[in-house]
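Next up: some structures, all given as structure tokens.
Shared between the two complexes below is chain A, which has chain B as its partner in the first and chain C in the second.
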Partner chain A sequence: MTGRAVLSRLGQALLVIALAFTGAFVLLQALPGDAMLIKFENPDLGLSQAEIEAIRAAYGADTPIWQAYLHTLAGFLVGDFGYSIQNGTAVGGLIAEVLPQTALLAVLGFTTAVLLAVLIAFTATWARNPWLRNLLAALPSVFISVPVFWLAMVLIQVFSFQLGLIKVIGGGPVESLVLPVLTLAVPISAPLAQILVRSIEDVQRQPFVAVVRAKGASRWWVLTRNVARNALVPTLTIAGVLLGELIAGAVVTETVFGRAGIGRLTEQAVANQDVAVLQAIVVLAAVVFVVANLLVDLISPLIDPRLKKTVRTA
Partner chain B sequence: MTTMEWEAGARTAPRTVTGLGTAGLRGLRRPGLLLAIATLALVLGFAIAPGLFTAHDPLIGTAREALQAPSAAHWFGTDATGRDLFSRVVHGAVHSLGAAAIAVAVGLVAGTTIGLLAGSIGGLADSALMRLVDVLLSVPALLLALSVIILLGFGTTNAAIAVGVTSVATFARVSRAEVMRVRRTDYVEAAFGSGGTFLAVLRRHVLPNSLNAVIALAALQFGAAILAISTLGFLGYGAPPPTPEWGLLIAEGRTYVGTAWWLTTLPGLLVVAVVLSANRISQEISKGANR
Partner chain C sequence: MTITETRPGADTGAADRPVLDVRDLVVSYESRHRRTEVVHGVSFTIKPGEVVALVGESGSGKSTTAQAIIGLLAENGRLEAGGITLGETELTGLTDKAMRDIRGRRIGLVPQDPNNSLNPVKTIGESLAEVLRVHRWGSKPAIRQRVLELLEHVGLDDPELRAGQYPHELSGGMKQRVLIASAIALDPEVIIADEPTSALDVTVQRRILDLIDGLRVEHNSAVLLVTHDLGVARERADRIVVMRHGRIVEAGRTTEVIANPREEYTATLLAEAAAVAAEVPPPRPVPKPTAEPPIRVSSLVQEFDTGRGRAPFRAVDQVSMTVAEGTTHAIVGESGSGKTSTVRALLGFHRPTSGLVKIAGLDVGALKTRKQVRELRRRAQLVLQNPYSSLDPRQRIADILAEPLLNYRLADRAGRRTLVTEYLDRVALPADTAQKLPRELSGGQRQRVAIARALIVQPRVVVLDEPVSALDVTVQAQILRLLTELQDELGLTYLFISHDLGVVGRISDTVSVMRRGRVVEAGWTHEVFTHPSTDYTRELLAAIPGRSTAPATTQGA
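The block that comes next holds the complex of A and B.
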């Protein structure tokens, strides 16, 4: 990529982040308007008119919309995400508190997904038995069709209740991670495996593979040195896209397993109509997604030099 | 499934319009496809005439028969209040399938409109609309759906609309790619050359020829929508209890995961079967388009 192409790609990423912030602001802050303050005007709370006015002022409910927009934007830029409507604590603090748990779950889940996908794809393309090949190649489409929350419950049923291998409550930190990580990994491994199988098959059909084989390289040599390297770029691209799935998966996984984390925070924010928390999570998720995909686009030409010539604007 | 794969498929799609008819004929030689069609037909039957499939009441149970394992009398067993689970699954089809249909309709109409406009007008409008699509794609689908739900409130229809919004971007990208492809063909140029107006050419030539990839995507999104709606139902943002919506049904079995395995396992297996079937049919339609 030329310097100019990199700059243009960077600008594009910034634009998408800015638009995502604006969209989240319009959807969650501007459109609901006073709806989130109805909570405080509820007569059951017994707040006086003056107290309600004070709360409204504290949340900035009476400022014009463009001022609120600039204020929120300025806050987000310095890491101030406003205050939770539910309990008045700083949203930034709420997120920082649970972020490490979700990050750990996400990293482990994603790593497991990659291992699972590589295992499926390698065996599916390696096996000579056509029956086994078809079975393994069909596995990802089954994985994709499984509701994540159901998978979690079936895993609990089998491993905790039937086999008694993993304690439902009171297991160690490692033990309590096994099932959530598996739950998170299965749906993410599916598209990864599909892309891997397809690109491995594509690459294997190319003439250079026949040449390498003719020179006496073993199947394993070709698969690991030539084919896998060529299949890496499409896999990396899809991995960037799948990052969003990780966050969605965390919402369900953390809810089913009762783990603290960003997903659980999201679930509670929706249940409590806490738009401030949801807004911060949505914008952060968009930033992570855009940055990750930017990195994938910038790294890809380094892995596959053939991409250097084309300016990628997707 | 991902947008990227879809775009790749859309770009290589051929010029001929072969539709459901030929796909159905070839299905006779493919048991997997036939099974998929049968599964969808069955659950469609559940949705249209639930009374034909079960005599039990989905909402009223006999307390004496609570938490019974599957048997000849109760195929899927009974839940904690003695309601027949199979009956609840059958009566739930209309909620789950109906919501999925609304979701696909929202995504299809909004997404195809954006894609058609972007692809046929081009230029600045194209860039602006596609940046909008990029933004929709940059937010994880579930978070986007939850944002819409927090705005609209809980409920089956609102959950369906929220899921629909998450598929707008995919529909827009695929239909735009299709329009771009069709626009470059000779017959569209010829239609413009022989004096066709923009709208007339769009309606008579571009739209029908772009449709196949979009239909295949709609089938795929139908399966995805069933999954997404059941997830929202499970989290408690969809249909309120005692509606037998599939996600909610599975959620209700959560308390009995250790003692009554059938309450979660059996409805979940049905959801898997339906989603697999929708995906299989989608695959066949896009294969039909790629011949």
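The block that comes next holds the complex of A and C.
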């Protein structure tokens, strides 16, 4: 890509983040009910209506929406994400505290998904046995239809309760990661494997593959040294999009396995209508998503040199 | 006009022992759990240094035979019986591993279409090195050195640069040179060239065939030339094997087969090839000039932006032409000559940079509304090269033909049905074709459908972009005949785009020869063919396969 193309791509990325910020803000403000009321109208606290009003004013909840928008935006631009309404701590701190756990889970989950997808796709397209081929090619469709929460429960049931291989509570850091990573990986690996199988089959039908075979190359050589790289670009594009799944998957996985993390934080914030936390999480998700897709766009031309060429109008 | 009896290197060298011996080869394909035999007992031999041409139309089993020899039949293909001996080695019954050792090292393959035969994400150097690496030929630096030598050997300039480039940065001819280099890298005993030039421009074809021939002489390799083009076979082969429906119809020395074909089928193929390569197209009656010619182009210029700060690319440069009603004008030229850009400007796909284009009474440069553009496209219809991709695979032929009528609201339901039947009949297709899907039709039948689809809206002008290039030679002749008949019946004006001067000579009244965006020569086809005024036209004419050796009259034609 030319410098100009990279710049315009960056501009698009920023625009997407700005739109995500605005969209989230409008939607969160439009929610019926608010976190302030949930917290302070609790009869146990015994606060009067006037006292609640005073607290609301102190939090700035009575300012007009456009002022609040600009205020929040200005804060985000300098890295101040506001304070959680539920427990009063800085949102930035809350996120920073749990981000590493989620990042670890996400990176491992995504890597496992990619490995799983490659394994399925390579075996499905390499196997000579038509029965095995069909079975493996059908696997992604099964994976894709599996609900994450159900998968999590089945994994716990089988590996922890029945086989007793993994402790549900109190396992080591590695042990406690195995099931969540699998839960996260399986549904993401499915579309990846589907695209990869399809791309590999498409590429294998291209005449150049027969030419490579005519050079005396084995099927394995053809698959690994010729087909794989060609099949990668469409898969990479989908991988970028699937990062969105990863965030959604993290919410369920962390909740089911009781792990601290962004997903868990999201779940709690939604339950409490903690608008400030949600706003920050949405923007974080948008940033991750946009950066990932930006990387995909920048990496693709390195894999397929034809994408480098600025297209001449034909 | 002499046909060389022996070729340099053909009968010299080793002995008369064949290097490749194919005996009673039987191949079948399985589809939907049914085995169909497609090659029924084919036998032939090739001696070292000899060129044997396997000639036939698509579906004749010639490519299947070639694939069977190299052990790369499609997954549903199976060698049922017969033997293939390469030197002292019996190839049938070899394990995949043993066969891999043969491929590339003892049999080299030059594929059909260089444009999709190189891995697009590998550099030329990597692709060429692959055959050496597969056979563990030598160390990395040695391989690198050998790659550069090979590139130079097949006539590519600046091997260092080429080795680092990607396939899309090279022309078709250059890519075919790379593939030839790969085929000969390990000095194989047999080179199988499967239609090595059918995807290339006619002048490039000749150079590629010369290159293969030169390498054959140099290495004394045997060449199996698979081709549908009897002209090519006649020029290049010592012996010809004619195949049809999976059987050998006729085989023998080229001179004998050409001079004295024993089978009617061979005679038909020869006649078609001879007609295409005819020295001089017969002059056609000169039509009366009409007041408003259906195609008038003057000083057309078409430029494309190539990016900021760079000079625009001029694809069409000061092109002028006038075509009289009811005649055929041909635009010939190699790829990149500006033929296609001219056509696109004519049909209003691009706004011309400058110049005047009037088609069927409409000033193309001045069209403003969508409605006007639509009217242009009704009056001037387009038929494309590839009938395999220009028909929607999921629509029945009746729907394909009715679609333009619907788009232009030209007929009601009953009217559409009548018109579909009428136009199927006009293009000589049976009425039951209407209920078929494109995949149930042959290439020639599909092209008839494409022609019917163009004609059904009753255009004045039909633009035919390489309409027969994808078809077998006998089918080509049929389609060209059909086009001429339709022109006479309906008074159509044709603009015929082609790189094949043989075809152009048969169908056109007038011709423009284009090169690098300019018309280098124009006039009556008869005149241009008999008295070409530029070297470029002479080169194009000389490159028509079979022409240089075509006998004045062909027996049995």
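The criterion applied here is as follows: the second predicted complex is superposed on the first by the 283 of 314 C-alpha atoms of A that agree within 3 Å, B and C clash if a C-alpha of one lies under 4 Å from a C-alpha of the other, contacts with A are read in each partner's own complex, and residues count from 1 in each chain.
One rule holds for everything that comes next: a residue touches a chain if its C-beta (ideal position, glycine included) is under 8 Å from a C-beta of that chain, and two chains touch if they have at least 3 such contacts.
These numbers come from a predicted model, not from an experiment.
Counted by residues of chain A touched, the larger count belongs to B, out of chain B and chain C. Within the superposed three-chain model, A:Ile247 lies in touch with chain B and out of touch with chain C [touch as defined at top].
Judged by the touch definition given at the top, the superposed model places A:Phe76 against neither chain B nor chain C.
Looking at the shared chain after the overlay, A:Ala217 reaches chain C, while chain B stays out of its contact range. By the touch criterion stated above, A:Phe122 is placed in contact with neither chain B nor chain C. Contacts of A:Val148 after superposition on the shared chain: chain B is touched, whereas chain C is not.
Residues 70, 72, 96-97, 100-105, 107-109, 111-113, 116-122, 130-131, 134-135, 166, 168, 179, 182, 304-308, 313 of chain C touch chain A in their complex. Chain B makes touch with chain A in their complex at residues 1-5, 131-132, 134-135, 138-144, 146-151, 223, 227, 230-231, 234-237, 247, 250-251, 253-254, 257-258, 261, 264-265, 268, 271-272, 275-276, 279-280. Chain contact summary for the complex, chain A toward chain C: residues 4, 206-208, 210-218, 221, 225-226, 229-230, 303-306, 309-310, 312-313.
The residues of chain A lying in touch with chain B in their complex are 12, 15-17, 19-20, 23-24, 27-28, 31-32, 141-142, 144-150, 153-154, 156-157, 160-161, 168, 191, 194-195, 237-238, 241-242, 244-245, 247-248, 251-252, 255-256, 266-267, 269-271, 273, 275, 278, 281-282, 285-286, 289-290.
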